[in-house]
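Structure, as structure tokens:
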Amino acid sequence: MTDRRSPKFKPTKAFKEFKDDCQQLLTERGQANSVAIAQAALKRYAKLSPQAKAGFFDYLATHMDPDPGDVLRLAEQYAVNRSPETLLNLTRAAEPPRQELLRRLNRTQGGAGQLVTMRADLLAHMKNDRRLSAVDADFEHLFNSWFNPGFLQMQKIDWGSSAQLLEQIIAHEAVHEIDGWSDLRRRLEPDRRCFAFFHPTLPNEPLIFVEIALLVEIPDAIAPLISRQTKIAEPNRARVAAFYSISNCQPGLRGVSLGNFLIKRVAQALKAEFPKLNSFCTLSPIPGFASWLSAAQKLASKQEARPVFSSTSTKTAALEALNELLQRENLDEPALQSLCAFYLLHSAENPGHELLVADPVARFHLNNGARLDRINPNADMSRKGLKQSHGFMVNYVYDLDLVEENHEKFVRGEVTASRTVRSMI
Amino acid sequence: MTDRRSPKFKPTKAFKEFKDDCQQLLTERGQANSVAIAQAALKRYAKLSPQAKAGFFDYLATHMDPDPGDVLRLAEQYAVNRSPETLLNLTRAAEPPRQELLRRLNRTQGGAGQLVTMRADLLAHMKNDRRLSAVDADFEHLFNSWFNPGFLQMQKIDWGSSAQLLEQIIAHEAVHEIDGWSDLRRRLEPDRRCFAFFHPTLPNEPLIFVEIALLVEIPDAIAPLISRQTKIAEPNRARVAAFYSISNCQPGLRGVSLGNFLIKRVAQALKAEFPKLNSFCTLSPIPGFASWLSAAQKLASKQEARPVFSSTSTKTAALEALNELLQRENLDEPALQSLCAFYLLHSAENPGHELLVADPVARFHLNNGARLDRINPNADMSRKGLKQSHGFMVNYVYDLDLVEENHEKFVRGEVTASRTVRSMI
Amino acid sequence: MTDRRSPKFKPTKAFKEFKDDCQQLLTERGQANSVAIAQAALKRYAKLSPQAKAGFFDYLATHMDPDPGDVLRLAEQYAVNRSPETLLNLTRAAEPPRQELLRRLNRTQGGAGQLVTMRADLLAHMKNDRRLSAVDADFEHLFNSWFNPGFLQMQKIDWGSSAQLLEQIIAHEAVHEIDGWSDLRRRLEPDRRCFAFFHPTLPNEPLIFVEIALLVEIPDAIAPLISRQTKIAEPNRARVAAFYSISNCQPGLRGVSLGNFLIKRVAQALKAEFPKLNSFCTLSPIPGFASWLSAAQKLASKQEARPVFSSTSTKTAALEALNELLQRENLDEPALQSLCAFYLLHSAENPGHELLVADPVARFHLNNGARLDRINPNADMSRKGLKQSHGFMVNYVYDLDLVEENHEKFVRGEVTASRTVRSMI
Amino acid sequence: MTDRRSPKFKPTKAFKEFKDDCQQLLTERGQANSVAIAQAALKRYAKLSPQAKAGFFDYLATHMDPDPGDVLRLAEQYAVNRSPETLLNLTRAAEPPRQELLRRLNRTQGGAGQLVTMRADLLAHMKNDRRLSAVDADFEHLFNSWFNPGFLQMQKIDWGSSAQLLEQIIAHEAVHEIDGWSDLRRRLEPDRRCFAFFHPTLPNEPLIFVEIALLVEIPDAIAPLISRQTKIAEPNRARVAAFYSISNCQPGLRGVSLGNFLIKRVAQALKAEFPKLNSFCTLSPIPGFASWLSAAQKLASKQEARPVFSSTSTKTAALEALNELLQRENLDEPALQSLCAFYLLHSAENPGHELLVADPVARFHLNNGARLDRINPNADMSRKGLKQSHGFMVNYVYDLDLVEENHEKFVRGEVTASRTVRSMI
């Protein structure tokens, strides 16, 4: 196999030293001192130039793959003689050696955090080089093992948390921006909650956090939940826990399942604190709705006879009505709501269709086993809300007894939704 | 492949429920609720009978291997077309599915601890069933990743530690028995230290601990180090940190490298606290010496012309002298010391020879990169010490600048030893 | 006033330096640096010989009294012209200057603990010198302010507490000796509880602790409560919290009310943890019974006509019967029980009578507002129990709604007791 | 003595209930349950109207004084027969009974904090009623004992502190206002420090805090110390710790010495962390300078022959020059500096003189034993700084070996100052 490394990068001294550390880590000699070598290597990595980092990822992709000949030979042996030994030999040979490298780099204290940063670098480079996807898969595989929910610690975040931590909450809130400390404070009052997952080796770095409003009813608009002016309510009167924002803090943990586990652990904790809670729902954005609709309208204007929407699970009359809506100049609220319901209900269906690039938020909650419960017009009247979803927001409901079943249906292509939502089409 | 499960075990209801949980964990449906399922499954496991546990391990061995046909096919594809996709497919297929099962069981809080217990059960069953060794290899592989030193927390253990923790120290001390709380207390005074590794998910369970005496000189006998009567010394006067005991607490973590990492992290911590320390050594038992010697003597009495000992790295004259010693009725101290030196120096050499079942303690420290420094007669005059090693003990010295090099030599079959020890042969 | 210091003590250098520190602390010059001076002074004090300490206490008694002339003059001014100024002048002059000295010694960190030790020394010397009682009153006055229950922290003590702390529990248990760590452990199982008061400046020094058994019924014997063999019960089934031991750890805190506050705070904490608890009682020794009875018998043997017992609150017939009992050679259990009831019921009455040196434990609980509920024969069959109270023990019941009223009655000379106990006479 | 209570206040029900609680606390009956009664009483107090609170303070002043007749009688007895008993009787009688009331209110957890709030209320009422000064003296006396530095815990405050705590730092900073969280953050970077005193019963309430800049040289202007733009320096290079702000958080602790103790404990802690620090100084405002100068100028314009300034410790020529300056229309910087030096140097002298209302900040530091080291022109060019001191600020230097001596001199009327400052006059 030829070296596919980009011809532009001339290995620098720093790059070579780092690569030497990595190679030594994998030798016998390095074993006795691997913690110290890993520590030195990660220090060096942090100082590399972007080019040198790219060079390193390239090296991982081109020199740390399993050897095809070895694997094939051992696979044949295993097929002929199925024994613990032949299996072990095969398993070891089929695992890319870079996995062992990552495990050894992880031996130093704080190594996990530095590897998360390394992967964020990798993801940035991967945009331009799809050969790196196998390297990335190894990172993701190991991170799913190291950042599994059994190792993560859920912590309540409130006004008694450190400024250093709260600062990160402000910085990473990705759904409804936090405008400074007083804005944050309202979100941490007794009728609001915030929980985050932490890894034991990164005690001051939240991995993901969720914000909750304790309410009397399922909410139909975001403004009252996040406004500083909203009066603080007595949390013991709440019957509904509404998850109104969930944000990842670590780009390097992409693909590691955190949100699903956090939501469920938080629901349990809240239920234990407030036994009278009877509903766990979200108030969620529909980030893909407006662009989907506009694409559908464009398509409708181009097509002549053929209808834009098709679906095996929707009645013909309803489908016709929907297709007809795409011809109108101005869509009123009921029309938009119907289209939105269609958009969300078909999230799971027919992913090959050009219009069915499903809503990521819908996919997330439906895949977690939630039910699509209500579509709320005029729910997010912020500039961003109007732009991305014409002001609509959705409630997904988590019924912990049904999440397994709902998830299974979703994987099969069926969205669990309330009768009201179904009837909107 | 036929079911090789022992015919005696009739699957009970509890067994089936547990197996169902495990199967569900691996299905899509189980994904959305995997933490809850894992928790339930581990609860069920804990209540299984030994027979049912054996049945489960058998199931892991027989039904959760990779499929030989699939692997072979994908190995061929990868050999023909080396791409990220073919590699990913191969890697996934070659990993035994039970690894994913263990990772999912680990998703629940405290899962890691329960899996360690599960493996201790497995090890007990493995004695009679070597087919389980591939299953065990999967446990060991994952545990090396989860209990890697980057995740472990080192804690000082002293008289301010909880009784619950100290009780475990008393229970698990495997080298020099602790005879009750007053005995323990002496080992925690300011001139003695004790450090343990903890996993963040098992905060009250030490995984391994080491006991250290802070001394003025390298010690030549164990009694003064552990006697309750020994006067407490001023730790700031110490120049030597002597590791006199290291004990594993978790049988389920066999094969997971902990001791090497602990010794080196402790050495760093002590050096930081007492910059005047200039030597890190052990005072170690030689558990295999007496039985090795007695086997050699037996062999010598049977053989006629052929000498018992042979070695390429020892001078002929010395070898002859050693062989001659085996003929004597009573061995005096210098004779025993010579034989002991030969025993230890050849730990690394020629492992196939029937007499070279090397000393496990020697292998441990030499493999860590320590130097065999001194052999001390009359060093452990306890019943156990006399029986296992005629009262001899050894000092291994850890020179952190040389551990890499020494380890490499040891792996090549060469023991690093002081001139004094070498000259004893 | 002449110097009453004992002529035997020749002030040593160390004594003079310490006295100088004390004097400087009270001067203006010392003010700016009082923390440092106090620290130095307390260090010096700790090293003084017993004679020098006695000399210091003597100095406190003889040179640090208020000036009688000043006080008289200011009392006259205050009587004539009652104003804030005349009052302040009087109050300051009437307070012994040694109080200010103690307050300034207390300024250094850890000063409070050292002053408690100092008072323990004082109490030892006071036995021979009643002039020191005014000095002691000043210590007690300040300690009641500094060790008031609002400042004390109640902590649960269990097997998760540090060995250092548990060791002190073993050492200070004054009622039912703890025979080593296994004995202690049984007393910390889930159906037993132990709570202690700590002062924030003495975080590792329990001031007082109480041991409780969680039971189904009010206990009538001590052995099952403290035996290592007693099966561990499910605490949630308990209906009774029985305080079976309360021990002070700091002799220097004599006269500072701790036990009363601890019992009530513990009762509240247990009620919160176990809402089904409906009775808070003790199982208490009667340390003074046997010696009281023997004194009464001796008196009876000397007296001819005049009866030993007299009481206005006991019916004549009952009194005659009791007096008659004193003539018998052998007292059976009912007879002893009657006498014991009489002994306890008259604890509060007629304190001047030679036989009514009341039982200290009875006085403690009755003064706290508890009710004398039951007298149990064969309740403490240990050597100590038989010797001090012929094996009898008592249950005092704390009904938190009635403690105020009961205490008030007790102060007036009336013991609150159950009908059963009353009927025993 | 007649009841001097203000005729306007009609005792309300709430007031009477509270007063009853207080009276009960002091009775025998209340003793057994004093913690519960105190808790109830303090709850009631918190809800009283300002009028009712005033009524209560009046009650404390008029009904809880010592009885003049009793005190006089016991003072006579003590004068005639000086014994522990006569002394104890006298001391008890001379102490105002309200002190015991406060001590008993303090028995409940958190009582101290509520009493501090009560005293803040009292101080507000005292402005109009000087009879309350004796009541206030009792509060102050007890608070000095309860909030003595031996009980206080010093904590470092930094960006890892809770938002709740940092919010209070922002709110209570009294010297150089903190303009929001980013402003605060700069003051908590590694080259700045903040320390506060806490009472163990008020863990989240700072009592007083001090802000420090770690610098290479003694600072001569405030702006660089508090500007967000100032580059963060390496603290290990610092040679000077400059205390640039000290703020009390609890008005109810007026008269309780905290600042002096805090500065010295902080100096010790910094010296331990940075052994190379060789100077502990302040950069302090001169809040009284401008108004003093203006008063002096006004006086000068009225007086004809007689000079405004007189001093025995200043040379005649210098005094004449100073008096002459008061006649000028516009004062240049050197002139202002001379006058400022005179103002500060005479802080201790001749307190009766109408112009010698000394600067409170100067009195604080000089009384703590600091030395007046340097007067800096153009040091605080903020509106406030120009208005109160024409932009001047002062460095006071704390030399821990000299504070005692300097304090003593200051009490005698002599200010310790550097030669440079002396020469300015």
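Per-chain numbering from 1; labels A, B, C and D assigned in written order.
Following the convention adopted for this analysis, a contact is a pair of C-beta atoms (placed from the backbone, for glycine too) under 8 Å apart; a residue touches a chain by one contact, two chains touch by 3 or more.
Just so it is clear, the model here is predicted, and its values are computed rather than measured.
Novice: Determine, using the mean of C-alpha atoms as each chain's centre, which chain is farthest from subunit B.
Specialist: Following the centroid criterion, the farthest chain would be D.
Novice: If you average the CA atoms of subunit A and of subunit B, how many Å lie between those two points?
Specialist: Taking the mean C-alpha position of each chain, the two centres sit 39 Å apart.
Novice: Please report how many Å separate the Cα centroid of subunit A from that of subunit D, as a whole number.
Specialist: 55
Novice: Can you compute the centre-to-centre distance for subunit B and subunit D, using the mean CA position of each chain? Integer Å is fine.
Specialist: Between these chains, centre-to-centre, one finds 63 Å.
Novice: Where in subunit A do residues touch two or more of the other chains?
Specialist: Not one residue in subunit A touches at least two other chains.
Novice: Chains as vertices, touching pairs as edges: which of line, ring, star, complete or other describes this one?
Specialist: Graph shape here is a ring: one loop, exactly two partners per chain.
Novice: Using the touch rule from the top, collect the residues of subunit C that touch subunit B in their complex.
Specialist: 159-164, 166-167, 180-181, 185, 204
Novice: Going by the contact rule at the top, pick out the subunit C residues touching subunit D in the complex.
Specialist: It comes out as residues 1, 28-33, 35-36, 38, 65-66, 68-69, 71-72, 75-76, 78-79, 82, 84, 87-88, 90-91, 94-96, 103, 106-112, 130-131, 133-134, 137, 142, 144-146, 148-151, 153, 200-201, 260-261, 264-265, 367-369, 403-408, 411.
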